[in-house]
Structures are given as structure tokens and as C-alpha cells.
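Structures given as C-alpha cells follow.
There are two complexes below, and they share chain A, which is joined by chain B in the first and by chain C in the second.
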Partner chain A sequence: MSGNNEEASAIVEVRKLVKVFRDFWRRPKVRAVDGIDLEIRRGEIFGLLGPNGSGKSTTIKILLGLLNATSGDVLVFGRKPHDVETKARIGYLPEESYLYNYLTPYETLDFYGRLFDISSSDRADRIGQLLEMTGLKHAATRPVGEFSKGMARRVGLAQALINDPELVILDEPTSGLDPVGCRQVKDLMLALAKRGKTIILSSHLLADVEDVCDRVAILYNGSIRAQGSVNQLLEKRESVRLTMPSLPPDTMKKVLAIVKEKIGKEPDIDHPSMNLEQFFLEVVEKAHRSTSEQSGAAPTEAMAGYLTKE
Partner chain B sequence: MLSLRVVGGQCFMMLRIKQFLAMAGLTALEALRQPICFLLAVSGVVFIAALPLMIMHTFGEDGKQVRDGALAFHFVFGLFIAGHSAGTMLSREIRSGTASAVLSKPVGRELFFLSKFAGITAVIVLFSACAALATLLSERVAEKFYSTETLAGYLPDAVTGTMLICAPFAACFVAALVNYRFKRPFASTAFITLLLSLVLVLLVSGFFARTGRWMPYDFQVQWRILPVSILITMALIVLSGIALTISTRFETVPTMVFCSAIFLLGLMSDYVFGRFAGSSQLCGLLYAAVPNWQNFWTVDALAGGGTVPLKYVVSAGYYAAVYTAGILCLGMISFRHTEMK
Partner chain C sequence: MTRILAIAFLQMRAAIRSRLFASLMAVLVLTVLGLPLTIKGDGTLAGQIKIILYYTLGLSTIILGVATLWASSGAIAQEVESKQIQLVVVKPVRAFEIWLGKWLGLLAMNAVLLFTVGLIVYFLVQWNIRSADTAGRELGVVREELLAGRRLILPRDTLEEEVMERYHAMMNRGMIATNFSREEALSFIRKDLLTEKTVVGSGAVKQWILDVPDFLREAGGEDRPVTLNICFSPVRKGNNTVHGEWRIGTERNPVLFNMATNVSMDGTYKFTVPITRSLIDKIMEGTATGDSHGRTMIVEYRNGSGTDSRTVVFDRKQGIILFIRESGFESNLVRAILVVLCRLALLAAIGLTASTLFSFPVTTFTTFSLLLLPLIIHYYVFLLATDTGSCCAEHQSGIEKESISHKIVERVVKKVDSVVLGPVMKEDPVDRLSEGALVSWGDTAKAVLLVALLYPFLLGLAGVLLFRLRELALPSS
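Moving on, here comes the complex of A and B:
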């Protein structure tokens, strides 16, 4: 009964959240979050959308207890954000990959793994899988300070998943990643959600959000301007799109004539095309198969086993 | 039920201890891998090792000048290492966001803060070990009156001196080789090899007499210098606690300014506040609040063959522990409310 209740209940509840940043003399400087209400349920991918400075990252940091709310209520897993135990169930990828420059990816993941109650054998196993998944196995002994932004991002993503979290908070996860990495992150989010994990995705890359999110909230100037399921928000109920194999010219003419008669004007017709992301992924995949040397992050389709285990 | 609770409590404590050790270890590693920290440590040891070459007079007591100078170098370079490591570590982590990344894990702020202190303390102890060994050896190398059946005069310990001067360079050479062969970071490896090379010099030098001849094993170093080195190390730890506490609220430059001011006030504490502590409550309060560095600077006690009694070291250690605990409590309260970037 309690399990069912937990499943139905919200993982994150935010009521009338306000955050005012103050200057050295405690005078109000910026009202970064202005009366936000949110409810994020188990197993959904929730998108926080908004332009730069709209309050997305501030909201996330309040959820993690890194910033103190000026007013309002915040509950994560039914507890206050500062609660240390709650954080064992959360994985967080910050906006910038905040890493210790002198550590290697292996040392970084080992360090973060040691902050959780994970046995050393499990830790080593998970680190191996995560390095494989993020394509950094060949760079595991290089200091992360030498990495490109995209490679550092991959280490950041790996550290966020080391504890197999129930709630994953990803702040601009695809920033700095190549299209292969972006696709991989999106696939990972979908795979995690399939396993019942809850994901909060903050981004201003609309295509990323549209691809994976169940629900979104659009923030502007610290407050929510629109909230709902992606389909609900984007659907144009007054128009319809049909996709079918190419028809013989005569049949096509007949179909168009019927449609024109019904709607009173010429319908828009075009040929569906592959999008640039799909095309790019195909080209890179072919190139990867034909070369063996790799200096940057290696493209990989492997998903860390412990993340996909039912 | 009770046994379950105990087991749960033990697991909780074990996890906290593991987290503490992981974060303290990382802090120490980060500090050791900073080139500036390594440069300060090596420079300090090289200066101490070179003192016998520069001081050619004894002022009535063999080795006094070298001993006093070496301990002064220990204090000064230690101050730079403690101030730099403690003053920049936390503010840099808050500014760069690594503190946010760690605190988003199941880690309490108090534990994070204390682990930073522990990590920096480990670095200070490591440096102090190097400086203390170098001081012992340097004092041994210094010119001393030496007489045999055929000669009498002032004689430096040339063999030990050569080994001592070579030790930092040998440490760097080994670290470079390890870096080349195993890709281990140079600075932290060199720091460790520096300590090992000094231990090696101390052990090997026991086989040589002042004239350079083999002799039955004898350390021939003045162990009475060690309590003074330990007291200096305590002062450095207290200062690092102060710097770390200030850095919870301020950036690196203001932290350094405040630390310098507190250090200078602490040096003059007896004169500025101590004289009036009995008659003025404010002066009494300030006398207690500002750390009195004179308690830790006992070099003069070694003059004329004197020693620092163990009882004094223990009471100074008690003072340092209480003061550091107090300042760390303030730091934890301050850090609890610090907003992460």
C-alpha cells in the first residue's frame, strides 16, 4: 500500500518558491525565482525550459540544497532539500562539469563512488561500465583538466550515474557534446525513464527537450509561463499530417482534388526527409567502423549494465 | 531491534568515516598536485639544506645559527603553504563549482568542511616532516669544533651535506622518471619522494663520521630540535584553520589579507593585548581570541644545549587543539549557510 502511494506521489514538490539573491550588504540584488509551483512524478522526464537567466539552474540548486530558498516550500522524496540521506537517491549533472582537474576520469568516478555506500568491487565494476558507456575507457588515465568540454561533460554524466540514482537531475546535459553524444544522452534518459527513474532535464535546446520529455515547464524571468505535457502544448488540433508511400501521379491528382474540394485550398505537400542528426550519426558510424585510432571520446552504443538492469 | 539499530548506526558511521577519508585524501592530493605547493616545499628544504654553506660563524654555539635559521625557514615556508592551501582551497572549490558537485551527494556540509581541514593538515604535516628532517640534517652538517690527536678546528660534515643538498634534486629526478614511465603526476610524486629521500639521507648518514669515514651506526643528530618543529607544525595547523574559516565567506585575496593581519596581531599579542589583559576586559577578550604565536616559537629554548620539556609541548598542543576546534566550529557554522555557486 505504501509502495503504491509512493509510486503515485510526487517525487519533487515545489510550492510558491522564491529566491532572491542579495549583495554583500544583504540588499536584494536579483529575484531569480519568483513564485514557482512544480510537481514532478515518479518515472517521468520533466523538462525545465527557458532562456539564460530564467531561473532553471537556481531552481535545481534549491532542490539539491545548494542554495537556500528565500520563501516557499520544497520537498524532494518528501523531505527537505538539505536532508543528506535524500541525496543518496539523487544523481546530479551540473551545468558546467565541475571536476577536479588533477584527477583522471577513473579517480574522479572512484572518488564520487566512495561518497555512496557502494562496495569497492561494485564501484570498480560500475566505473568500468560507465567509462565504456561514455567512450572514455582509452582516456581513463589522463587528467580531466586536459579534456575538451565535451569529454569533461561525459565524465560529469558518469559521476551523476555512479549511484544508480532514482532521481536524475541533468542541467544542460548535451551542452558541449557532439551529436553522437547528444543522441546517446537522450537514449540514456529514455532508458532510465523506462526503468522507472525520474529525470529533471534543464535545457534551452528545445529539440532535446521535445525528443525526450513527457512534461515541460517554460520559465521566463523566474516564473513559469507554461506547463504541461509536450504533446498537449505542441499539438495543432486544426491540422492533420498524412505520411504514405509515393502514389502514382494519377492517384495523387485524384487525392489532391478531393482534399482541395474539402478544404477549399491547395494542401501543402513535401517529401519526408531524414533529419540532419540522423544523417550525421550514420556518417560518423561509418567512419568509426573504418578507423581504429581514437584521441577524443569514442562513439559507443554500450549502456552501463547496472543502469539498464530491471 | 536494538542490535539492528546498532548495526545501522555502525554502517552510518562507517560511511561517514569513508566519506571523510575520501574527501580529506582528495584535498591533500589536490594540494600536493598544485605546482606552487610543491615549489614552496622544495624551496624550503633547499634553503634549509643550503644554510650550512652560507653561515660561516657560530656565535659561541656550534650549529646554533643553522638551527635557528632552518627552523625560521620551516615556519616561513610553512606559513606560505598553510595560508595558500587553506586560503584558496575552499573558496576555489566554491567558485569553480566542485563544492556544489560534492555537496549534491549524501555529504553533510560540516563533514565536507572538516575533511578540507584534515586534507590541508596532512599536507602541512608532510611538509613539516620534510622540513624537520632537513633541519636535523642541516644542523648536523653545520661547522662544529672537532679535534683528533693530529688536528683541531671547525669542520663541516661534508658527506651528509652533499647528500642533503642532492636529496631534493634526486627526488625531482625520480618523480620525473615516474612521470615519464607511469604517467603519475610529477608534483605529488616529487613531494613524496622528497620525504623518502630525506629519510634515506638520515639513515645513510648514520654510517659516516664527521670526517667522512665509516663508523659504527650513530644518528649524530640533535633530536631535541624535534619538539620545536612539532610546535611550529601546530602553529601552521592553527593558521590553516583560521584561513579555512575565513575562506568560507571571502575570496582568496581578502582571506590572505585577514590571515596576514591575524598573524601579525598574534605575533604582537603579548605586547598589544597581554599587558592590559588584567585591567581591560576588551584587551583580555582580544588576548584570548587572537592566537598567540609566541607560544609556538620556542627556538631560543634550545640555546646552550637547552630543551623544550614534553609537558610544554603537550600544553601547547592542548592550546592549539582547543583554539583550532573553536575556530573550526565558527567555520562550520559559517559554511552551513554559504550558498554554492
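Moving on, here comes the complex of A and C:
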């Protein structure tokens, strides 16, 4: 494996990855990851799916250098995960927002911004945009410890983007977020991918993964059981869905008769409906327009400017 | 540097927002202001000043030491447990930047607290002096002896050379029994010599040789007074008065100054002899050339001057001391605080390094236990030093001298005590300050280089290595 030609090669390369957790006496306790192979390319949104304990978070933590692989090869941007150069290009949102409760969102973002050695003017600029994007501008001076889980999650998301990362690793990013926040996160992922950013998403919410991911890997008991593009994995080539405006009853009868004659049975017919997420977003949008005061996270459509720059 | 400073500021912010800083400040201010009210002094201004300097500054140092050890023990360990460290280490931060940032944060917090204590102590001393209802002489003594940085010149210590000299002489004369080991014989001789050096019987004469530095030539004026402090205890035996005759001079001219003392009380007797400018000139003149030992001042004590007198015992360390004023109180206080700060820096390094490896409770237990280690080593070395060499004493001290393992342990412990612990524990800056003894810039520089830089650097190196090896997202961490 080599990382010399990043444009052509994968951003993340994992070969035969094994992680065994050991007890105090170094005796093997759990084989959390068992021979995983992965290749994630630039601009891709890659979903890691699997039930609890399937090895998703362990794999992510190895990619971040928080855990050491027992065996196998892991390269991120062609380098070892512990490499400081590698870390400078990654943004990470953990499954829980491990933030300093005594810091305000502004101080939190300022602190992490300093760790990336971002100049003070750029830092201030980015923090303003991120607070606007996550709807926390009005709560920028309140300690994070006072926040709800969803608000803290937004701060966590903002810190993951402070360095305008090339690779964004999101572990359960929509956990604790309201549907508006979930939609924003999904839109954000799509926008980032459009800019050529690579995203690794680990989630239990299959609908979220289906909405945004280009490719997924399904893990069970530390191994990959299925891997490929979402369309490829979900497509039922033996069936066809036809969506069209409602037809007059006699035309409809004729169409059904022809289809029945060809397939030998009555086809399934239903009316497409708006999904609950779309309905909820419409209601909240209307409510937001009629209210001026806000105590929680404010709904916003703004995307941080520096994240949308080409 | 941005990253190190960011972590240092975060550490300070954590201390401030968690109210640790405010609580410590309150406790320290209460200690400094309240302690002098609770300790009964000897009623003199000097006694009161000593209490302020020794007890308040000493207790503040202990409080800060405990707080530093506790805070540093949690600085990394608690963040590992709460997983906050995970968001830091996934950023482009090196392990040494985390360690150094945390250490600097703790150091800055200590510096602010310690210098605040120093400032309060300073104003408290000034207030006590201004409001004291004392005669001018006592005030003068306080200013000259306590509120000063005085260099100590101790008599030449030739004990070990004399021990060896006597040992070889006795060996040549076949006076040492064959069943005695070398160490046992040396121990006996050392004990005898110590007695000879500190005990002056009736009618006996005792001499101390002090190597005087060149800068003594510039001292002796009003701004840099020089004094000879004498401390001895008459042995309780009858009601005789202790008559003594003192001479100060040089090898060529042994009587440049003489005086007599008559002491009838029991206990410890202390007095001060001012060494005037003219006497200094004579001493420097008298030893200007041809003295193989450089410039020397000879102090001689004749006990009893021919009459029946009581035996007196001189403290080996404090019996005779020549004090030369080198600096004012303010700069001495600053240097003493700097040395204390160096020690706190070392404690912070110990706690931080332990916290890279263990959980917070284990780190706290380990670091506080480590504090006992120097005391144990000191006690062990003390036992070895006071061991008389007799069979009974060996068994009492529990030290079996014959085994090789004991010899190895003894050598290692002595080495650790002198090389590692010596620079940290040898001179207590608070003790020196309260005695009006100089905490020199040399001592301060040594403390900065060794205690605040070299030792923390070595500890930091170990801490960084351990931190790099540690997996920070293990299910148990």
C-alpha cells in the first residue's frame, strides 16, 4: 500500500485488520475486529453499519489512532493513523460529545482551533460561521455543561469541522438531534462530499445511511458481511416501480389489464406519500417563521462559508 | 507553541472554573492571615516575624504541594476517564505538547498563588514592624538578622579526613582488632572524633577554622554587617558558672579580638559577635599571603580559663557560624519563593507522569505514597550515619551490616539521597528565609536547572513515552 498518489488511490486503506482486547494479564478477552478489509476513496460517503458490538466504533478508533491494531495494515492519507500530518486532515465526531463542560461553545471551538494552529483571524471567522451553521450563536457564551444532548452534539459537530477537514469521521452524528438537526447533518454531509471531502459515517439509523451514503459495509461480530454501493446492495432487479400522475379510472383499468396479462397476476398499486421527516420539517419551518424567541438550537439553513468554498 | 499554550490555558481555565483556584486562594489567605494569630510566639518582634515567615510560608507550601499533586494526578487521568482526551489526541497534537501544556498550566496556577502568598507575607511583615512597640535595638536586630539574606560561613569540616588519618595511624600501630571490619572501625573513630569536636571540657581549648571569602573585604559596613553567631549548651553538672575566653584572629595573629563570657544558666546559650570593618581588615591583612589554606579566620574558645568550669557542648552544625549580609529581605523572599515554585514544578511533573499511566485514584495514591519515599530514604541514611558500629546498635537499628545485599542497598540509597534527593531537599528555602540566611541566586539557578527543568524533563520524557504507548479508547479506560 502506498499513499503517494492520493487523488487516484484510496484515502483510507485497511487490510486484514484485527483487534483483540486483552485483560490485565494480557490474555485475549474479545476479538472486536476480525480481518476487515476496507478501501474508502476521495469524495465518498462511506457508511459503517452493524448492530452493537459489531466492531464499527473500534474500527473508527483504530483509524484515528485511539486504539492500536493487533495485526493488519491501516493507512489514512497513506500514513499511519498516529501521524500528526494525518490528524491535521481529519475531523472527528465521537459517539458521545466528550466536551469540556466548563467551556462555552465559543471557547470550545477556539481551543480546538488552536490545536490545529489556525490563525486567530481565521479562527474567529470560522467559529462565527460554525456557530451560525449549528444554530448556537445565541448560546455561544453559555457553558456546554448546561446544554441538552442535542445542543452539545451540535458543538461536537462544529469542532469536527473547525479545520475544514478532508476526511470527516462521524460516529452516530444524528444521535440526540431533532429531525431538523438530523436533516441539517445529512445535508452537510452531502455538501461536503460534493466538495470532494470524504466522510465515514457510523450509524444505527439505516434510513440516514440510505439517504446519504454512496457505499456501505455491514459488520457483524467484527467481520464485514456485506459491502458495496447502496444502490447495488438494495436494488431488486426482478421488480420495477413506476411513478406517474393519477390516471383516469378507465385508462387505469386498461393499464392494469395489460400488466396482469404480461406478469400473470395483479400488480401492487399504492399512492406515494410524503414521509414523516418531510412533514415534520414543514411544520417546524412554519412555526419558526411565526416565533421570534429561541432558547434551544435555532433552525438554520446556513452552511459555514469556508466549508462550501471550492 | 500555540498548541502547548492552548492546553496550558485550558488547564488554568479548568482550575478557575472548577473553583479549585478560588478555594486554594481562600485557604492560603486564611492561612497566612490566621496562622500568626493561633501560634504563640516568644513575645518578641523577632519571634513574631519568624512565625510569619516560617509557619505561614511553610504551611502554604505544604497546602500548595498537596493541591499540586492532587491536581496533576487528575490532569490527564481524569480526562482519559471522561474520554475528553480522545477529542484532543485526534487533533495534530504531540504527546509531549499535552504533557508540557498541562505542566505549564499547573505551574502558572502555582506561580500566581505562591506570589500572592509572598506578597501578603511581605506586607504582613512590614505591618508588624511598623506597628511593633519595640525599642530601636530589637528592631535593628530584626532588620539585620531576620529581614536579610545573609551568607553562612561554617567552620572547615575535616571530620572525614581526620577519621581516615586516625584509622590509618591506628592500623599502623596494630590498635584495631582483627575481628573488626573497616566500616566498624571507621564508625567507632567517627563517633570519638565527633565527641572531641563538639565537647569542650573544663580548661580545654577548642579552635574553629573558617575559610573567609574574598568578598568579606567589602563587607562589614552598615549596609553589609558581618556577625559571628555562637551557640553552645553547658552540660548540667553542679551550679558552676561557665567562664569562657574567646579569641578571634588569624594563623599569624591569633588575637585580633578577644572577649570573655560568663554563663550560669542551663539550656542553650546563643550570642552574636559583630565583626567590625576594622577587624575584617585585620583578618584580610593577616592572611593576605603565604597561607596555604587561603584566607582563614580562627575562632578559639578556652573553657574555664584555668578555673573550675562546666563542660560545654557545641552544636556541630550551628555552634559557630559567620553571617555576612548579602542581600535585602525583598530579593531573598523572591528567591525563596522561586525555589519553592521549582519544587512545586517537580511535584506537578511527578503527578502528571503518574497520571499518564494510571487511573485518577491510583495516580493519587501512588504520588502521595511517593512523597513518603524521600522520608524513608532520609531516615535510612540517618540510621546509617548515627549507627555507632556496636553490635547492640546494629541490632537496634535493624541493619545487618555483614550481608553483601545490605552493602549494595546502602550504597544505592546513599547515592539516591545525595545525588537525586539532595538538590531537592537539602536546603529548605523557607527555613533559610526565616533564619535570615541567604537564598542565593546560585541556589535559585540550581533549583531552576535541576529541580524545575532537569528532573521534570526526565519525568516528562517517561510520561510522554507511557502516554504514547497507552491506548486511550480501551473499553475499560
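One rule holds for everything that comes next: the second predicted complex is superposed on the first by the 305 of 310 C-alpha atoms of A that agree within 3 Å, B and C clash if a C-alpha of one lies under 4 Å from a C-alpha of the other, contacts with A are read in each partner's own complex, and residues count from 1 in each chain.
As a convention for this text, a contact is a pair of C-beta atoms (placed from the backbone, for glycine too) under 8 Å apart; a residue touches a chain by one contact, two chains touch by 3 or more.
What you see is a predicted model; the values in this text were computed from it and never measured.
Participant: So if we stack both complexes on chain A, do chain B and chain C clash, or do they fit?
Facilitator: With chain A as the common anchor, chain B and chain C collide in the superposed model.
Participant: Examine A:S246 and indicate which partner it touches, taking first as chain B and second as chain C; both and neither are also allowed.
Facilitator: Touch status of A:S246: no partner.
Participant: Would you sort A:I90 into first (chain B), second (chain C), both or neither based on which partner it touches?
Facilitator: both
Participant: Thinking of the overlay built on chain A, is A:Y112 touched by chain B (first), by chain C (second), by both, or by neither?
Facilitator: Both partners, chain B and chain C.
Participant: Applying the touch criterion given at the start, work out whether A:Y98 contacts chain B, chain C, both or neither, answering first, second, both or neither.
Facilitator: So A:Y98 meets both chain B and chain C here.
Participant: For A:T141 in the superposed arrangement: first (chain B), second (chain C), both or neither?
Facilitator: First partner only.
Participant: After the superposition on A, what does A:L64 contact: first (chain B), second (chain C), both or neither?
Facilitator: both
Participant: For the combined three-chain arrangement, which segment of chain C clashes with chain B: 169-177, 187-195, 367-375 or 385-393?
Facilitator: So the stretch of chain C colliding with chain B after superposition is 367-375.
Participant: Return the residues of chain A at which the contacts from chain B and from chain C coincide.
Facilitator: 61, 64-68, 84-85, 87-88, 90, 92, 94, 96, 98-100, 102-103, 111-112, 114-117, 143, 159
Participant: Over in the complex, which chain B residues touch chain A? Could you list them?
Facilitator: So the residues of chain B touching chain A come out as 11, 15, 18-19, 22-23, 26, 29-30, 33, 96-98, 100-108, 183, 185, 337, 339-340.
Participant: Which chain A residues qualify as touching chain B in the complex?
Facilitator: 61, 64-68, 84-88, 90, 92, 94, 96, 98-100, 102-103, 111-112, 114-117, 141, 143, 156, 159, 163
Participant: If you look only at chain A, which of its residues touch chain C in the complex?
Facilitator: Touch residues, chain A against chain C: 21, 61, 64-68, 84-85, 87-88, 90, 92, 94, 96, 98-100, 102-103, 107, 111-112, 114-117, 143, 159.
Participant: Applying the document's contact rule, which stretches of chain C touch chain A when the two form their complex?
Facilitator: It comes out as residues 2-3, 5-6, 9-10, 13-14, 17-18, 82-84, 86-94, 471-475.
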